[in-house]
Structures are given as structure tokens and as C-alpha cells.
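We just call them A, B, C and D in the order they show up, numbering each chain from 1.
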């Protein structure tokens, strides 16, 4: 039974106001088509999470759809601090989001725990620092310190996370949602598998037979997946290994735009609200920046070797 | 002995100082820019078996352009292993395999604690910074941490506004009390004026060497705590010819390191 | 610096009497060449572990090199119970080994914990059964039950395992030990990474460039690896996906031989002590069973698709 | 209605009984032989979206010959996902996604507890069995567990020598007391003589139906505990024509299931 649908329908059906949403990617494979659709549908009060957040999370925060953020990091990297993130916390624009602080070790481990049905997981970081002193909406549930029952050592435990829905962008998936990925993984595999259901955005839908030619590449099995959406160029301005490069000029454009509230609103109008889907977005990209720029992002051909699973 | 050309910029000197901290065979976790350049100089000079990894899940990348983030596309093709965060931060770092980590921050204090979370009060911040990312676990778990900082009384602090990443926390014994692994912690602060090393007893950063063009007095005056001066304090060795050659001709052919001059590392 | 060596040298240098040894594989990629060499060098007092053990562990136990076994399961599967395992425990032949019992959930999680630097890991199985009542050489360290500090639920914690050395057989590795694998993984990735050092046995040594063409296939990074040995046919009578099939008739041969102590000793003499290395073993195989049988095991060609990591 | 051919063997009947327990869309964890055949009948008849996985790390395999172990080479080519034990046993089973598990054992008791560890005393065993493998976690965590057993007073027991795998342990409330997930536990014992279902109150296996050729009296006499008989006890429905057709022509074309006759399932 095919789960293939449009992003509009996938978000309508599976992302609700107040949901806890895992969103995969970090420059590599951010599901921007889904993120734009969430904003377009004006969701509100979302709790969002992933380790290492960047322009995509900044955009969601600036657009006002976020209430809470289970965080390890948010910046625009090369382009400096996240403007919307700062405005939200420093000035309450559009509103002040609540942040629960973790690290790039603890947070991925909490997602791993969620994926694996563990109630909590011991980690060795965070102790002794002010990360322990700040607690937000998770309150006393942010962490616990116990004396290890094995050797008495003080041990920090952090809780498992199980988002209502996980959204990832991958290279390819079949119509049942078996999702295959290669290259930098971030916390995608655990984040998606920790979620109660998954929306898979992909560069291309392939047959079940193609999936079966290399099953070790699959990171999410079909039975966890609620919707599959083919969204070529769906991670732009991030990149997808083997498909297209990160768009540095666009990063600069976002930096400039998000410097002011007005600029940010205009950016949203131009790139989100004014376009109905990723196809329209891509057409607008080509019209605005020229086909040469679009073509310049397309990945080179540098294919590896096929393998056999035969016996 | 070593030849020392005079035509270097301060960030180049700093990168070479970082490189000299690396021992052959070290496993080094790096961010983009300075750390990668510094560790790569070591790999191309005295420590050819240095192995670099990025927190995003990449081990032994072979980028054909300088990476601008730990998730940069150029880190993918040619790497020896690509997994996810639980591979590098879990299996390798928390597993105890990382010898050296490089960190920077908006504030660094005398115990090597780093703030990348907030300037001012946490609940009513003057400036909200990115947060920990990989910094806290690297500071907690890497065997030797090298910290890069601007040397002035705003970026160095007696005590940071917020300890995002543990150095020696409150001083001697604190890391042990919190159960952080033995033989871990910051080993060096590289600033644009000096190298500060941590006193084994007091765990305070002390002046080990001042860079050419600076002086003990200038460094002490630019440091917001009562900076102790090591008995064997001396001038920092300038970049060696082979270090500069590796840096400019093999590692950073586009002169990315000059960005650090614009950031004030002069 | 190349770590390529012979199996003889790898075992001499890295597996010592009394060591705690993780041995990967389960019918799929058991490192039989290494196992035979351990027996040939007459190691003793080893503690061995992996989830799901079969003829390879039975052989090690029968050969007398094992003192302790951290176990979840041992049988010859299709061929019934492990004869040497039974003789050891029921009759003390060649001596009674000590067994610590876990399951195929708990034991892989303990290796995962070891790999990830976690001191222990919560699991949801084992509780309420006699698995809790039997404790062997790990004593009170076998597990602990705590009330979860988050919600008070009784929670079983099992300890991390960190073997002295891990031994795996994979499809390919480079001379530094970057090891690539596809197909059924068992607990190989975590078992190897939990170990203080790793011996990588592989079907073929490839260049660093080949590894870099598909880095998402790598399960162990070179810096953890102490020795790399090219051992074609090195998993026989188990199989390696893409290389050769499992050898059912040989399984039957082992079953028959291991039915009696005399038969087992004769088997060891013929297939282990009487042959100096895997090349001699393979030659003996061809001479004994004929080239047609050997050829019949070779895998069919059923190659998948190459992928690109380019940008 | 359904056609019921007469030319079936007992293991075929049993496999069809297992298949009928599966609901469309169920995620089923299987071992080799009987469980795979049984789940595959469901997939080829009333429950086409049944998804099979093996504990070794394989999801939705497409074997071209019957697998003789959960690590069999034929499970590799064509599967939808292959990972490792922590994927299937951790992410899928402990993660709470497995609807049905199939188990067998050397001894099964009235509470559905299973022994695959030892016959006799643990320290001085009459017979050392393989141990848990995946059985204990499947029994602990799958929503519905279907147990296959030979119906005699040696293989069924009032109390097993060793509880390797939890059924209802000591009876009502025990699973809950140990914190096992809600709505899990054994749902059915399929023997060569009967189907035994668990009473929701007493948690004891009770006679639900006796196979054609058997009788209530024979089943009760072959059961070593005081077997309760359900009010609606009846004869087991024989294999349906379409079930047999799927079994023989699509799933088990080499007649592997006949092995179970040799094992006593007659």
C-alpha cells in the first residue's frame, strides 16, 4: 500500500498544533520542503528538537510556529548567530520560546534511547557545568544524577525522547517508506526511529527492488513511516550528498534578510507563503537567480562501487 | 635547526602553536577553520599519523576545499568513515579514544571554562549564543583540550558568565569530584598574544610564552585575572618554514586563515 | 603505516592467555581463520563473548581454550545442540566452562554500552525469569535493579562490556584497518568498537581510495585496529555476503565429528592442527571435497547500484 | 465459505492456526521454519501487509530458498533493511513495534513460560540447552506471543525447570509487577493436538479447540496440569484450500514443513 503523497497532505495529516517534532539534518539533508510547509500551514506551539540546529530551526522560530526547543546548539555557522533565535530569546519577537539545553553528546543519546525503548541513558558530559543549573520546561525531568549501583560513581542520566513525529530528508525511499541514506548522518537514524511516526521526504522514490539491492543503507523501515514525499531539491539551501551542494550565496541572503524583522517577513513572504510547494520554490529559484546558478549547485558524478549480497 | 620566516600573520603563528601540541598518532576532534588547519599542519609535519574527526560523524575526511562547517558537503567524498553523532560523540569521544580537542568560545576563564551559551543573565540575556553543540562533551572527555581565544579583558574572564564547557570548573579536584575521566581537561590556551598553560596544582592558566611583538607586561595587562608567570617564560617560537609551507601550500591554499585577522586575531 | 600481517602474527601479538575476547559473526562472517589460529596457538583461559554463538564457539570450547563465556545462546541450529558445549557443562570435558547468561537484547546492548563509553544500560527483558536467579563469575555485577529516578519504575541495568580484543571478519578493509561490511551485522559493529583493540580479518584488502568511495559502509575506524589480515574464504564454513555461501555439508560433518570426543579430536587434527594457515585449509578443502564443491560455494553475481557522495 | 481439503499433515494445520492469529499490518518477529511459514501464510492470504523480521537484523527479507537460521545467507539479498541486533531487538522490539512473536521451547508451562536453558538442575544439568537467544526479549516485549509445542507430559509442564522466557511467570499480576510493558504476553499455544488460549483472569492456558482426530479427553490426558476447558470449546478449523495452496505453492515449495512430522508433530 503506497504511502506516497504531497507534502501539503503529509503535513496536514501528520503534524498538529502542539506536537513534538523531530526534524533531521544539519546542512546535510535538512527537510526544508517540509519545514516550509509547516510554516505555510501556520502550525503553532510545536516542540522541536535535533542536535545541531541551523537556518532551518531559526526559520521555524522566526515564523512563530515554535513554543519549545530541546536544543544542543543553534547558529548560522559561517554566517554567525541565529538572528531569529536571538530575537526570540532576547526580545520576545515574535514570542519567547522555551529552551531546554543539552549537548551534541547528550541529545543524540536521548534520541537513541528513545529509538531503542530505553527509559533513560547514562552520559558522561554536562556534569559540573551550568548546563546542570538551567532547567526549563522539562523541570526535574531534564536529568537525574545517581550513584552507579555497580561502583558508586556519580552518574548522570538523561531521559529518552519520543517525538510525536519525525521528519527526515534522504536520498531515496520506496513507496512504503523504506528510507535509504548515505553520507553525514547526524542524529537522523535515531531521531526518526525514536518518533511515533515518520514523514520521509526524498530526492527520488525508487522501487522496492532497488531498496533490496542494498538493504544495509536503509535507516528507517517502512512500518514506521506514515507518509513518503518525493521532493527533489527538497533540502535546499542545505545539500544532499550525491545530488546538490550547499548554497552559500543563499545562506548569505538568509543572513541579510533575517537581520531585521522586516527583512525576515519579506523572506518568508517570498520563499514560503508566496509559493505553494517545492516545485514552485524551485521554479522561483531558477527565475530569481538564473539556471546557471541552479545548475552550479548540481553535484558532480563521482560514483563508488556496487556490492553484492548474494550467496 | 628550524628556519623561521618573518612574513607570517598572527593566526598562522597560533595555528602552528596548536600543531606542535599534537603527537604522532593522536586522534583529534576538530571544528572548522582554525582547528582543522592546526591539526593538519601537525599531520603534514611531525605527526603524519594524526587522525581528524568531526562531531557530525566524519572520520579522516579528505576535503578538496576548506570545510565551512562540520556538516560541510566537502567532508563526505573520500572520508574513511561516516556515521552519525552517536558514532563520533558516543563511540569515539565518550568511548575514550579522542586525544585532542580544539575549542573556542565567547568567553574563557582562568580555569579554562568556556562560555558559548549566553552573555549576561541566562534568563534575561544580553546576547544569546549558540549553546554547547559538541563543546561540552569535548571539554569533558577529550584527553587534552586546546582553547583558542582573543586576548582581551572581554573575551578572557576571571569567571565566565555561564560555564557551557568544563575546564577545571572551580579549580583543583572539581573535575574528579564530578567523575570526569582521569587525565582529561584543558592543556593550553592559545591567544593572539600568548600561550597560557595550566598549573598542575592550582589549575590556573599561567603565562608560558608571549608571542613575538608582545611582552610579559602587555599580556598580564590584557588578562582580567592575576596572571601567574611561569619560571621558564619565554618568547613563543615563530612559525617554522616547513609549518608555513604545509599551511599555505597544502592545507589552506585559499588563505581562509586570514579571516581570523578580521576577527581580531592580530 | 600498514597494519597488514599474517593471522599467525596477529594472534601471537594480540590475543593472550586469559584475555577477554569478542568474536563477531553468526553464520554470517564468523572469523574462522582467526578462531583456528587461536586454537592452533593453544591459548588458554579465554573469556569469550558474542550474542548468538554457534559452531565457532562450540569449537573453541571443545578445544579447551575457553574458561568463561558471556553468552546469550549457543547451538548448532539446524544440526541441534552444541556437542562440545554440552560436554563441557554436563560432563566437564575437556573442562567445565563458566557461563554468564544474557539474551539477544541484553548482550548486544551491553556491547553497545561498552562501545559508547556508557557504564551500564537499561534493558526491558530478563526481569521476572530465572535468568535473574543464575549468576556466575560476574556475581552481583551481572545486573542491578533500580527504581528509575525519573518515574520510580523498577528498571534493570546491565553493565557495559569492554573486551581486551575484538576479532571480526568483513568483506573489505584497507591497510590501516578501516573495515567495511554489508549484510547481516549481528553485534559486530558494537562488539568491535567496544574492544580495546581490534583484529580485522577480511576477504580482500582494498586501497584507502576504495574505502573513501563509500565511507558509510565503514563499521570500525582504522585507529582502533591493531592488525589487518587478508583471509579469503576466512569465514568458512560460515558465509560472507557477496563472496560465498554457508557450507551445509560441512555443518553436518562437524555435527557428526563433534558427536564424540574422539571424532572432535580427529576433526581438530585434520582441520586445525594439521594445517598451518587458511591457505592450507582451503587447499585441503579442495583436495578433500573437490573443486566442484568449492566452486559451488562461490556467490552468484547480483550487484546493486553505486552511489555518489559528491556535491 | 472456505473449502477444506483433507490431504494435510498436522504441521500444516498448526501453521495455518498460527497464520490466523496475524492481523493485517502486523509486524512479526520470526525464527526459521514454522514461524516463517506461518506468518507467510497470513501474508499470502488475509494479511498481505504482514511484515516479517529476524532478530539478527533483517527486515522484510525476500529469501529464494527457506532460511535454515536467522543468519541464513538467503535473508540478505532483497531485504528492505539489514542492520544488527540492536536494530531489531533494540529499536524495533524493545522500541515497542513488534506485534507478534513466535516461540518454541523444550518445555512450556501452563503460564506460557518457556525453558530453552537447561533440563534438570542449572548447576548439574541433565541437558544443557542453547539459552535464551532472542526468546526472552520476544516473550517479554512482543504484544502477542504464539508458542509452538509438542503436546505431551514431557514438553508441557505444570512448571518449567527454568524460566528462560517469561509467559505470565507466576500468574496474574506478575508481568505487571516486573514492569513488563502493558498488553504483552503469550496469547496462544499451538500444539499438535490442540490450541490453548490464556484465560484473561487466571492467565492459565486453557483448551480452546482440539484438532481433528483428537478429542477433549485426549488433550486433557496429555496435559500435565489440570487443564481448564473453554465454554465454547470446539474442533479446530482444518486448513483452508487457499492457505494450503499458499503454503505449498508459494512459501514452502520443498516441503520443509515435513521435518516437523519427524520431530513428533503428528
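To be clear about the criterion, contacts are C-beta pairs under 8 Å (C-beta built on N, C-alpha and C of every residue); 3 or more make two chains touch, one makes a residue touch a chain.
If you're wondering where the values come from, they're calculated on a predicted model, not measured in any experiment.
*Asks:* Out of C-D and B-C, which chain pair has the most contact pairs?
*Replies:* C-D
*Asks:* Tell me, please, which chain's centre (mean of its C-alpha atoms) is farthest from the centre of subunit A?
*Replies:* Chain centre farthest from subunit A's centre: D.
*Asks:* Report the inter-centroid distance (CA atoms only) between subunit A and subunit B in whole Å.
*Replies:* Taking the mean C-alpha position of each chain, the two centres sit 29 Å apart.
*Asks:* Taking each chain's centre as the mean of its CA atoms, how far is subunit A from subunit C in angstrom?
*Replies:* 37
*Asks:* How big is the gap, in whole Å, between where the Cα atoms of subunit B centre and where those of subunit C centre?
*Replies:* Measuring from centre to centre gives 40 Å for this pair.
*Asks:* Could you pull out the residues of subunit A that touch at least 2 other chains?
*Replies:* If we look for residues of subunit A contacting two or more partner chains, we find 109, 116-118, 123-124, 153, 155, 182-183, 185, 213, 216, 239, 241, 245-246, 302, 308-311.
*Asks:* What positions in subunit B touch 2 or more of the other chains?
*Replies:* 58, 73, 76-77, 82-83, 86, 90, 93-94, 141 - these are the residues of subunit B that touch more than one other chain.
*Asks:* What is the shape of the graph in which nodes denote protein chains and edges denote touching chain pairs (line, ring, star, complete, other)?
*Replies:* Looks like something else, not a line, ring, star or complete graph.
*Asks:* Go through the chains and record each pair that touches.
*Replies:* The set of touching chain pairs is A-B, A-C, A-D, B-C, C-D.
*Asks:* Going by the contact rule at the top, pick out the subunit B residues touching subunit C in the complex.
*Replies:* 25, 27, 49, 51, 53, 58-60, 62, 73-74, 76-83, 86, 90-97, 141
*Asks:* In the complex formed with subunit D, which residues of subunit A make contact?
*Replies:* 1, 115-118, 174, 176, 178, 193, 208-209, 211-213, 215-216, 218, 221-224, 308-311
*Asks:* If you look only at subunit C, which of its residues touch subunit D in the complex?
*Replies:* 26-28, 51-52, 71-75, 77-78, 81-82, 85-86, 89-90, 101-106, 108-109, 112, 123-131, 134, 153-155, 182-190, 239, 241, 245-246, 248, 302
*Asks:* Which part of subunit B faces subunit A closely enough to touch in the complex?
*Replies:* So the residues of subunit B touching subunit A come out as 32, 55-58, 68-73, 75-77, 82-87, 89-90, 93-94, 113, 117, 122, 125-137, 140-141, 162-166, 169, 174-175, 177-181.
*Asks:* Contact residues on subunit A for subunit C in the complex?
*Replies:* 109, 116-124, 141, 144, 146, 148-151, 153, 155, 157, 159, 171, 181-183, 185, 210, 213-214, 216-217, 239, 241-242, 244-246, 299-311
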